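Okay, so chain A shows up in both of these, paired with chain B first and chain C after.
On to the complex of A and B.
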């Protein structure tokens, strides 16, 4: 067996370089670029470049995690279980970042003058529920001793968890009155929702954060795989 | 073909725009009515609302930065653990 789970170091290094370039560009253009002048939002509209990609990364993470859980159930390959766990862990991290950045943003736009950090907006509440579901994945993992049983139980839970993701992030919040944008009608990014000038920063930023997710995920999978091999007896 | 044709009054079309918009603000009216525009922002808001709320963006970027640094530290801790394990597993090499 190869000593690294990395199938192509060249691809990994290229993505890493691309991530650095894209995120550096997104930071510079995000702060200095032109944006439409809107009431309430004002300059905080620039948060679009940083807050929204967190949720894109979470979505990618949950889908990657569910895919590997599915493959784990098929094959019983321990590496699949490691991949599912690390993807879910990073999805949870990006979700936490997304919800905290969203709280800060909402505090000074939606809830300005009220002193409120949290007012149970459906979009926020549902996102919090999703994070709790993924938190439950790790609680479940840690509560099972036998690695094979743990892998299987966690994989099945994970497949159920990913099904709730689109409902909790999109479908349910759109049925309820919410202050969060993108709730009216179909896709969040219609022609009127995102100014053309902002697209040139937003899309590279999303790409950059998705790449960052993948780089961090790959690092963690590599480390977990080394740890598993050092222990020799099947653990993790 | 409509079973109940609309009355020909001009009022109906003018209502359309309001009807089309979902009532997204009603649930938060308490939040908004508490706000008195005459009151100058206090404490944290005085900082965050300055210069067109650009400090909100700064705060968000810093939070994400802290998240990335947290990952960096956790990865380091994992490497430490692996190094300790290597020291245990591999017999001492007389240098």
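On to the complex of A and C.
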């Protein structure tokens, strides 16, 4: 059983080394490197290297969490429940980071001059609602005593929530006027948001954040698994 | 047992228990009317924009449903009748029956709240058909979500404010689209103007209904 929890140490160490290298590179290049002059964004365009990969990590968390919730309902394997929970926890963490970096970015681009930190832009509001949904997931988990029921109830809520997420993140923000890029039917960046030269930092940074997600995720799953084993067999 | 007959029996049973005391319905309607009156007192005598009117309406409906619904599963667990129901019916029958019952409750809630708001604020609705469609879709989505989440909450040991915590964020898309469609109905815009909202509502109700139907088995099974 333990072999399914532990990823091979070689794989883990190499991914960790890669993440350290990529994120160090992204940090140095992000803060000190040259960036092209883009209208409105100017120096704040550096945030692209951090804010957007955080949201990619959040997406990865929601997908992994939903997948393991689905498999938990099929198999009832407790490890699936742990995986779903840890992925949801990391989704919440990266979501919080994403919303904070987004707030700072919006403050100095969209709302510059007005001094506002938050003005209910649809993308921002819906992202906040997404975090509330994951908050609800953890409140629900804490309210159930029996581990098997807890796993099932949490998995059902998670999957039900995932069904509503496309409306929250993709359908509604496109119907409402928004300053956030990716509206008006185009999911990708336009030339005003991302200059070609920035790709050399942006893509490694995305890889780095996804790798960071993986490193944290595997470690947290291992930790939960060991804690659970220790509760059951304290002499270990 | 025939599926339809089974679902109908679950619905009839809930309805009969409810009609004995009318507890859930009375609580729901009084909560909605109380909240509505309180809001209007708080706002004071001044013209309220149509957007704010429809926002009031849906907030009241949503909060009343979050507070007042979801008791029927809790009652089954508490009275120990859930086991009997599990033995004698298939999960989908229970889901259909409870959904129908919640639909009746939320439907009356929506109807009464809308009537009260229109009367109190002296609003004339330019497109009653659009308003009825928006209300109907909103009520359906609300009933689906409360039925599934009510079953989830009934499995929890500490219930407290659990249903609102789970329900409100999930229903944000429904709220945004319903409020916007209601506003357009009050203003009397043509149907094509409310196309986005209505399609979103149809999609949302369809997606949640399908998901809830598939997922209910796992909540209900022991």
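Here is the rule we go by: the second predicted complex is superposed on the first by the 222 of 236 C-alpha atoms of A that agree within 3 Å, B and C clash if a C-alpha of one lies under 4 Å from a C-alpha of the other, contacts with A are read in each partner's own complex, and residues count from 1 in each chain.
The working rule: a contact is a pair of C-beta atoms (placed from the backbone, for glycine too) under 8 Å apart; a residue touches a chain by one contact, two chains touch by 3 or more.
As the structure is a computational prediction, the values presented were derived from the model and not from experiment.
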| message | Applying the document's definition of touch, where does A:73 land relative to chain B and chain C: first, second, both, or neither? | response | second
| request: For A:83, select first, second, both or neither according to whether it touches chain B, chain C, the two together, or no partner. | output: neither
| request: Could you look at A:178 and tell me whether it touches chain B, chain C, both or neither (first, second, both, neither)? | output: first
| message | With both complexes overlaid on chain A, does A:47 touch chain B (first), chain C (second), both or neither? | response | first
| chain B or chain C: which reaches more residues on chain A? | B
| task | Would you check which partner chain A:228 touches, where first means chain B only, second means chain C only, and both and neither mean what they say? | result | neither
| query | So, A:123: does it touch chain B (first), chain C (second), both, or neither? | reply | neither
| What does chain A use to touch chain C in their complex? | 73, 126, 129-130, 132-133, 135-136, 139-140, 142-145, 149, 152-153, 155-157, 159-161, 163-164, 166-168, 171-172, 175-176
| note | The chain B residues in contact with chain A across the complex are 21-28, 31-32, 34-36, 39, 41, 45, 48-49, 51-54, 56-57, 59-61, 63-64, 67-68, 70-71, 75, 78-79, 81-82, 85-86, 89
| request: Over in the complex, which chain A residues touch chain B? Could you list them? | output: 27, 30-31, 41-44, 46-47, 50-51, 54, 90, 93-94, 96-97, 100-101, 104-105, 107-114, 116, 119, 121, 177-179, 183-184, 212, 216, 219-220, 223-224, 226-227, 230-231
| Considering the complex alone, what residue numbers of chain C touch chain A? | 148-149, 152, 155-160, 162, 165-166, 168-170, 172-173, 176-177, 196-197, 200, 203-204, 207-208, 210-212, 215, 218-219
